[in-house]
Structures are given as structure tokens and as C-alpha cells.
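Okay, so chain A shows up in both of these, paired with chain B first and chain C after.
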Partner chain A sequence: MSATQIAGRMAGVDAGAPIRQSSLWQDAWRRYVRNRGAVAAGGIFLLIVAWCIVAPLVSTHDPNHVDFANAYQGPSWSHPFGTDQFGRDLFTRAALGGRISIGIGFGATLAILGIGVVYGALSGFVGGKLDNGLMRFLDALYGLPYLPFAILALAIVGTVDFWTMVVALSIASWFITARVVRGQIITLKENDYVRAAKAVGVRWYAILGRHLLPNTLGVLVITIFLELPGVILGEAFLSFLGLGINPPDASWGSMAQDGRDAYRAHPHIIIIPSLAIATLVLCANFIADGLRDALDPRTKET
Partner chain B sequence: MAAYIIRRLVWTVPVVLLVIFMTFMLMKQIEGNPFRQTERAVPAAVQMNLERKFSLDKPWYVQYANYVKGVATGDLGPSLVLRDRTVNDVVKEQFPRSIELGLLAFGWAVLLGVPAGVLAALKPNSRFDYGAMFFSNVGFALPNFLVATLLIYFVSVKWGLLPTSGWTTWEHKILPSFTLGLVPMAYFARLVRGTMLETLQQDYVRTAKAKGLRWRRIVTVHVLRNSLIPVVTAAAPLLGYIITGSFIVENIFAVPGIGRYYVTAVSARDYSVVMGLTVLLSIIVIAANLVVDILYTILDPRTREART
Partner chain C sequence: MALLELSDLRAHFFTREGVVHAVDGVSLAVEAGSTLGLVGESGCGKSVTALSIMRLLPTPPARIVSGGISFDGRDLTKLSERELEDVRGREIGMVFQDPMTALNPTLTIGTQIVEVLQRHLGLDRRRARRRAGELLAEVGIPRAHERLDDYPHRFSGGMRQRVGIAMAIACEPRLVIADEPTTALDVTVQAQVLDLLDDLRRERQMAMLLITHNMGVVAESADDVAVMYAGQIVEQAPAPDLFSRPEHPYTEALLSALPDLDDHEARQSRLTAIPGRPPDLIDPPVACRFAARCPFAERGDCCVLEPPALRELRPGHWVRSAHPTSERHLSHA
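Right after this comes the complex of A and B.
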């Protein structure tokens, strides 16, 4: 290519319509914003999180204050969500419960992601016999119910706090994430820029850290919101079975359990935290759908 | 194909051994054993005899080997809490009810979920489609303890149509199985809709249309048959859902099945029952996976070359 040609090209770029430069994330954001359902879900999700953070700070009610004179009250101005069997204000408690439910949800999701990335990247990057073995193992375990193992893990530790709950919920839930990461790594490995990097002698950890893992980020973001609903429901199930976080702390699941015996006369105690879980899970599902369409347009559902 | 099936079969053995091992090691982490630190002080000699009877005095690998031998011969060992009863007795008594509950739930899902998905796909973006997908989204999101409570509150308490709990007559079985079937139902509706829409765009459907084949025949012969193959693969994750859900549903509706008993056994510290049930459930899921993978290879020839 001669100097004049290059100059001509550059001039052409300058003179013609500007080529829109946009990164993957800017493109994704544009696509996400166009999806009204996903935007609404994201907004509600953020609102719930914000409410959980702010409400206990500004509330005038002590969430653990027992007041039998005011037990089992329905929703009112001073107690928007009513009170429970001990007369505790459910509005404040629901916000605090949300902190725990959502906190455990994200904690366990990140743990699942961590295990999944290590296992999947190892399998996909090393390949060969190791990959074959690790994947046959996953094939066989696909769909293994996490609940019995979570219950076992909680039975072992005895006292249930934030971290034991995170471990219990992630111990048998990472199989799908590992498979997804492995699939990504396998596909990315075949790209020319990876081959080129290998050819010029880039070390394996640099290839993994600079070329492969950053490119799985989009899928990982989707995975966060795909895994979150299951984990939040799992925590709620465990709490509902009486294996939840120890009182006086409460998650939405253990609040629902509190309302279990009084559901005939005072259904609001079980309905409010359950609906909070349902709303959050519904939003997370919509966000996951929106993110998938935005970050991975090839797999767009019709 | 035979090579794939054999390889798949062979791999199942170490996986089962590993799952038993993991469960076994988890159980070992629990402090002490059921014969120690109880309210009633047991004389040292009695305790030693008890430990010998249950091989608790042997090193862990001997116990593990014994246990694996037991599992292989279908003997899950004695219960540590219930006298004169084995884990097998518990399984024999409780398991059929759980299987029945699971099958009924699955029945609801196929009965309502699959047609909903088919109809939604035949009229995409119609009112019915939106309704079905809305229902599917909500079905995924509602915690089953809320569904169960609402059903009991309205159907049983307010309207007095069905009993609140128990597992004797067919009337007792409607609410629990419906509650448990809700997530699979939502899953089927969405999955079938997706695969149907995909199949409807295939060239052979267009060819069939161009040939002048009746629409009804195209749908039943060409579209439905091919759209339902991916549903087979959904069986394994759905089994996981049903097992997980049964823990809650059996608990709320007082169904005397495995899921409810599991929680009872954990709080009673009946470790051999807990371990036996965990191993049993895991083996069932692993076996279901195996069957699904093999079925899939047979049903969809395209996967034969792709999978190694």
C-alpha cells in the first residue's frame, strides 16, 4: 500500500461519515435500555435494594423491640406492614431481612461464580484428558439437588450465620456455571489472537488472564442474575424449614416461617416477606433475560 | 453411539463413589457420634459395644468401604435412632409416597405446561401467549411455601373444598402435587414454546406447507415431534427441582415422604438415615442423567458425532 493510498484513506475517514466507535459494554447498554421489561425490572430491583439499605436507618421502630400489646397488627400508618407475633414492626424487619436475603444471595452467587470459573477455566484451558474427566464428572452430577447437601452442611456447622449459609448454598450449585465457563474458554481459545499470543510466546497465565477470562465477563454478568434467583429461593427454603440464619437476625425466609402458624388469622406475616422474595426473583429473571439479549445477541430468543 | 454409551456408563461408577465419599466425609465432620454426649449417660462398656456394632471404632476407610459395599448390595445400614429399624425400612415406607407425589407433580406439568407452550408458540405475541408467559414467569418466582399457604388458605380453609394436609385419599393429593408441579409447569411452557418457535422456522416445515399439507398435520407430525426432543433433556434438572421442592411441599402438607423425613432425621441426628437418603437421592439423579443422555443420543442423531 502506497503512502498516497494511506493518506487517501485517512482523508476519507475524516471527510466521510464518522465511524461510530463503541465498546461491547456501550453496545450492550444501548440494547439493554431498549428492552422495557428489563429496564423496569432493573429499576424495581434497585429500589428494593435501596429500600433495604435506607429504611432501617430512618425507621423509628426498633426491629427487635418486643411489644405484646401490639402483636399481630395488620398494616397501618405507624406499621405499614403490620406487626408479628411479638409485636415487632414488620416494615423495619422486612428491610433488614432483605439485607440478609439479598446479601446471602449475592455472596453465594459470587462463590458459585468463583468455583465455576476456576473449575471451568481449568477444564477448558488445559483440555485433553483432564477436560474429559472433569466434564464427565459434571455430566453425571447435572441436576443434583443442592438442598440435601445444603442441609447437611448446615447440620455440620450447627450455628447458622451469613458465611455458613453462603457455603451451604454454593457447595452443590456450581456445576452449570463451571460448564458455561468451560464452553466459553474452549470457544475463545480457538480465536486467532489467542493463537498469535501463543505463537509469540506469551505465558499461559497471561493468555488466560488477559485474553480469555476478560472475554468471559459478559457471560459471567448474565450468570450472576441467572444464579441469584435460585440462591435466594434456596435460602428461603432452608429458613422456612427452620434451618435458616439464627435469631434474632432474620431473612425473608425465616420471617415467612414466623408467619406459618398464624396464616389463617394473620396471613400478612407470611405473605409480605414471600412477596418480597417473589418480586426480587421475578426482577432478577427479567434482568438476566435483558442482559442475555444485550450482551450475547446471538442467543437472542424469538 | 455404543462407544459413547459405554463410556458414559463407565464414568458413572467413579462419580457415584465420589458422591458417596463426599457425603461420607461431610457426615464425619459432625462432632462426636450419636452415642456420645447424650442426655442419658451410657456406661463405657455399652458404648464400646455400640460403637463396635456400628463399626465406629474402625478407621474411616474401612467404614467407607463397608458403606460402599452396603450401597452396592442395596443395604443402607441400620438407623441410629429408631430401634430395630434399618434405613431400608425407612426408604421402603416413605419413598413410594414421594415418588407418587413427584409423578403427580410431573403429570400436572405435562398436562398443563406442554399444551400452554404449544398454544403460545402457535400464536406468538397473542394475548394467550403473553398470559402463558406471564404465568410462567410468576410460577418461577413465587416461593412454593407461599403458593402452598395460599392454596390451603383459600381452597381448604375458606372454601372447604379439599383437605388441608395428609396423604390418604386422592383429595389429599391434589394440592401438594399441584404446588410441586408449578415450577416444572412454568418450565415446560417456556421450553416448549421456545423449541416450537424454532422448529416452526425450519425449512422442512416450509416445505411441508408448500406441499399443501394440512396445518394441523404439519404441527402434529413435523413440529411437535421435533420440538419435544429438548423436553427430554429437561427431565434431569426438573428431577432436581422436584426433589428440592418436595422438601418444602411435604413439610407444609404433612406428606409422610422422604423430603419431610430428611429434615426430621437431621434434627433427630439420625446420621445413617440422612446419609442413606442423600446417597439414594444422588444416585437417582445420576441414573436419571444417564438415561436422559442415552435417550437423547438415540432420539437426536445429530448429537452422536458432536459428543465424545
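Right after this comes the complex of A and C.
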């Protein structure tokens, strides 16, 4: 760097000139891409999602076409993942199952986030007696184990489709998110800038919406990827028990259940969806870790 | 009638250890267009007084127990939260002590000033933005209009305090409460920020309640001075009168504790300190709160038994003591 450049930069610093414009999210992105594991996990995650979206569109096989002559085939060129006991193409079916599994996963995660944010923000922001009441109610709900609760919910509904599954999985799993958001709001509420905002007459909803909630966004993004694996596993578990989405639709969990009967002779039927679930869950965990490192201000460098 | 009048204001904190009488019978008046300096040591209730006026005390645990806050003829203690939101920022502005934490780090400076302007003056976005730029220029930020899009972390402490001042005066309030506005700043910047506050105040004919523990700051910019001790006002007077003829033993002690850099002998000696400690505000003394540290209060004295009242010793000079300087000489003579 030449002397004039240095002088120029120093003059710029003196005048408080912007040296490098970067927002919180740009900083976070820079830190995230430096984490190779997280980037790889993100890439694989996107690849799986893309495969689930694209594969059924371009596939020449009808995923629900029963063809007993071709049942239990191992992987081949025309059926990369082989076929199941009905001779259905597993490559296409796994992609379709992925759509449902991932769709339910994100759907339930967003529902968890939605309920959790509203409940937690209200509790933390209003405080006092309302906070106390809402939190004691949460304590009572906390005792509910979520899977039996989901099973019960599904048993009551009877026919299971996408949305009933989303409801069953989110109805008893938003407690932690609500707690986290409440904690965040309470911590943020104590900040001087919130008092300063009140001192210039900013209304309560603007304080909540503009000064508090955006600051919880980092935590919420992390929460998405922390909740996602649990929800996807929960869905797989319920489907494996036969409580999943009704046939002929399938999720990865119900596909694995299909493969259970012949798992000795034809293990690929159970392995493929299980592998898909495991990969996706692992990726989500890696992404959550990477995001946490990237968004945690304590790791912030200049 | 004064713009702001506190009458026997009491704000207490209800904690597990007991009731903290943080503000315990404060009466003071700020005249329109003038500056009142409120001085006192840490923990004497200065900031709680300021937050009480803004009605921004953390409730619970704090609560205004009794007393009135009359602002422009209205009693602020009787306003609803909704009405208070219209007063804050519009009629009373506040400058906070620590500029490093008083701005939201996730919003640009522009957004935060525009928010105030839109909220109170109903300006549209473009005009609010232009006005925000003008305000930043007025508080002495170079290239103000470009810097609207910067986040607070790009500003130094002094610059941020200027932004804080810009926000406090954005809607031309009639009163600005400055709670130790220079305490967190470098000494070199303190004088600049004080001058800025004073200039802006004069231009706009705003009144100011300047809270500080720095006698020098008060001497520089206050018209009147109120001295606070253990939750009460112990002396209030016009600034020149207070500095030349302090009446309360506490004020006297405070002033003599100031280091004198011109006096060579004094420079050699140790700094003067006030013996003892301020009383516990959970269980304050029933009588004069300064009695335990007062060199003039004797055992069996009336002021050890019952609290002295705040009385007007001479026009404009109020004192809460049984042994003000001017009476002391008389009695000893």
C-alpha cells in the first residue's frame, strides 16, 4: 500500500468514513463459508432438496405404478435405487417421500417457531403477572412427552395427511422455542437502547417489532435447524409405527416401514430412506452449528 | 410558574431486602429556557429522579409512591402510558449516560432518528430523512447525510453521544433531561459535548435538567443548581450564589473536596474527602440524613432528632439544614 493510500485511509478514518460496508448478515455469511463442514452440510442439504423437487418431474417411472414382475430389484441403470415389493421405482418414490418428509419438517418447524415466538415474546415483553402465568402454564405442558402426545393427536384425527402431521408434530414441541424467545426478549428488554427508544416516545408495538424481535432473528434461524432434525425424526418414527401419512403417499419413514418385512433379503428398501433421513438430519445439525458460530457475536472479529 | 416542578416526589424500589427510598421527597423547579444542574454523589437518586420524570422507572420493582411531577401544568404522574408516549420525545427529550449502549446496534443511525421524527411530527419518509440529516449536521457530524446509513458501531463514543443529542432534540422538546451526558466520554470530548448541548439549548430556548456528579460541569452550564443527598434535595440556589456562598455543610464539603490546581500548597497535600459514608437508603435516618457526617451536628441537636425542612434562606436560595453557613457564624458569635 502506498503512502498516499495509507494517508487517504487514515483521513477517512478520522472523518469516520465507511471503510467496509458490511451488515451483521454479511459478516455472518463470511464466517459461515469459512466453516468447511457447515458449507459441505449446506451443499448436501440443498442437493437433497433439489433432488426431491426435480427427480419426480423428470423421472420416466410412475412412482405409484405397481409392477410385480419387477419387485425387489436391486439398484440398476433403469432403477438407480432398485424397486420395492410392489415393483415401484424407489428413486422416484424416495424423492417424493423426501418432499413430504422435508415439507412436514419445515412446516412443523415454522409452526413451532410461530407459536413459540408469539407466546415467548408476549410473555417476555409484558412481564409481570402475565409472564408468570404463561410460564407456569408452560411448566405444566412441559411434562407432556411429545411423541405420545403426537400419537394421541394422530389417533384422534384418524386420517393422516400433510397438515394433520404438521399439527401433531408441532403441538407439543414449541415449549423450548417459547422459552428461548422469552429469555431473549427479557435480556434485550433490559438494553439501554430500548429505554432510549421509550424515552423518545416509540410505541410498545414498534419497540417489540423493530427493536426487539429483529435482534432475536439470529437465534430463530439457528432454532430452525435445531428443531428440524427432531421433527423429521419424529415424523419418520410415527410413520415407521404406521401412524404416518396414508398410502399411497409415502414419507421416508413409511418407506422404511415398507422395507421392514424383507430387510434380510432386500435390505436396500429400508436402507435408502433411512440413509436419506440420517444424512438430512446430520446436515441440519451441522448447519445449525455453523450458523451458531457465524451468528454468535462473541466470535465477532474486526 | 416553572416549566417542570417536582413536589415532594418519592420513588421507592420494593426489593427483597426492603424498600429502598431512592428518591424521598424531592422538590425542585426548572424554569422554562433555563438549565438546572442536579448534582450529587453516586447512588443519591439523581438518575431515579430523571427516570421518574420520564415515567420510565422499571416497574416493578420501582414505583412512584407519592408526590407530583407538574410539567407545563400537567401532572405527569396522572397520565396514561398512551399519553406519556406522546410526551416522551415530543415535549421532554432525554440524553443518556452511556452513548455506547443507548443506540440500537442493529438499526442504522438514520432509521433511529427517522423513527422519532415520523412518530411525533408525522413527516413522510423522505422529509424525515432529510430532517435527520440536517439534525446530524447540527450536532456536528461531518458528512451527515451520508452517515445516516451507518450503524452505530461505526461511530465513536463522542459521535454517538452527538447522535443521542440529535434524537433528544429532534422534535424540539421544551425540556431536555441530560443524565450524566459526559460521564462516559473522554475528557477531551466532554467539553465539546457540553458546549454543544448548551448551544442547542440556547438556540431553541429549551429548558434543561443537567444531571451530573461533576461540579465543574455544573459551574460551566447551569443557571441554577440543586444538590442532592441520600434521596433528598439539600440545597438549591442560583449557580453563582451556590458556588460563592454555599449554605449546606454537604455542599461546602463537596466544594472543598474539589482539587485546586492553582494553589501550590494544596497540590502538595492530600485531597480533601468527606468522612463517613452516605446512609443506607433502605433504612434512612429519621432526622437529617447528613447528620452523621456533618461537622456541625452535635449530640442532642435538634437536627439529629427531627428532619430539617427545606427552607428559603434568602430569595432563591433554599437549604435543608439546621446549620447553614450564614446562621452558623451568628450563633457562634
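Methods note: the second predicted complex is superposed on the first by the 270 of 302 C-alpha atoms of A that agree within 3 Å, B and C clash if a C-alpha of one lies under 4 Å from a C-alpha of the other, contacts with A are read in each partner's own complex, and residues count from 1 in each chain.
Throughout what follows, contacts are C-beta pairs under 8 Å (C-beta built on N, C-alpha and C of every residue); 3 or more make two chains touch, one makes a residue touch a chain.
From a predicted model like this one, the values you see are computed outputs, not experimental measurements.
J.: Which partner does A:126 reach: the first (chain B), the second (chain C), both, or neither?
T.: Neither chain B nor chain C is touched by A:126.
J.: Where does A:47 make contact in the superposed view: on chain B (first), on chain C (second), on both, or on neither?
T.: A:47: touches no partner chain.
J.: Using the touch definition from the top, say if A:278 reaches chain B (first), chain C (second), both or neither.
T.: It touches chain B, and chain C stays clear.
J.: Let me test your reading of the model: by the given contact rule, A:156 touches which partner, first (chain B), second (chain C), both or neither?
T.: Touch status of A:156: first partner only.
J.: In the superposed arrangement, does A:192 touch chain B (first), chain C (second), both or neither?
T.: Only chain C; A:192 stays clear of chain B.
J.: Is A:237 touching anything from chain B or chain C once the two structures are fitted on A? First, second, both or neither.
T.: first
J.: Could you say whether A:256 touches chain B, chain C, both of them, or neither, answering first, second, both or neither?
T.: Once the two structures are laid over each other on A, A:256 reaches chain B alone.
J.: For A:143, using the defined touch cut-off, is the partner it touches chain B, chain C, both, or neither? Pick first, second, both or neither.
T.: After superposition on chain A, A:143 lies in contact with chain B alone.
J.: If we overlay the two complexes on their shared chain A, which of chain B and chain C does A:267 touch? Say first, second, both or neither.
T.: A:267: touches chain B, not chain C.
J.: Identify which of chain B and chain C touches the larger number of residues of chain A.
T.: B
J.: Which chain A residues contact chain B in one complex and chain C in the other?
T.: In the superposed arrangement, which is not itself an observed complex, chain A uses no residue for both chain B and chain C.
J.: Residues of chain C touching chain A in their complex?
T.: Within the complex, chain C touches chain A at residues 54, 56, 60, 81, 85-90, 93-94, 96, 98, 101-107, 112, 115-116, 119-120, 141-143, 147, 150-151, 154-156, 159, 164, 167-168, 170.
J.: For chain B, which residues are in contact with chain A within the complex?
T.: Interface residues on chain B, with respect to chain A: 7-8, 11-12, 14-16, 18-19, 23, 26-27, 29-30, 124, 137-138, 140-143, 145-146, 149-150, 152-153, 157, 194, 197-198, 201, 236-241, 243-244, 247-248, 251, 262-263, 266-267, 274, 277-278, 281-282, 285-286, 288-290, 293, 308.
J.: For the complex, give me every residue of chain A touching chain C.
T.: On the chain A side, the touching residues are 15-18, 23-24, 128, 191-193, 195-204, 206, 210-211, 214-215.
J.: Per the contact definition, I'd like the list of chain A residues that touch chain B in the complex.
T.: Against chain B, chain A makes touches at 132, 136-137, 139-149, 151-153, 155-156, 229, 233-234, 236-237, 240-243, 253, 256, 260, 263-264, 267, 270-271, 274-275, 277-279, 281-282, 285-286, 301-302.
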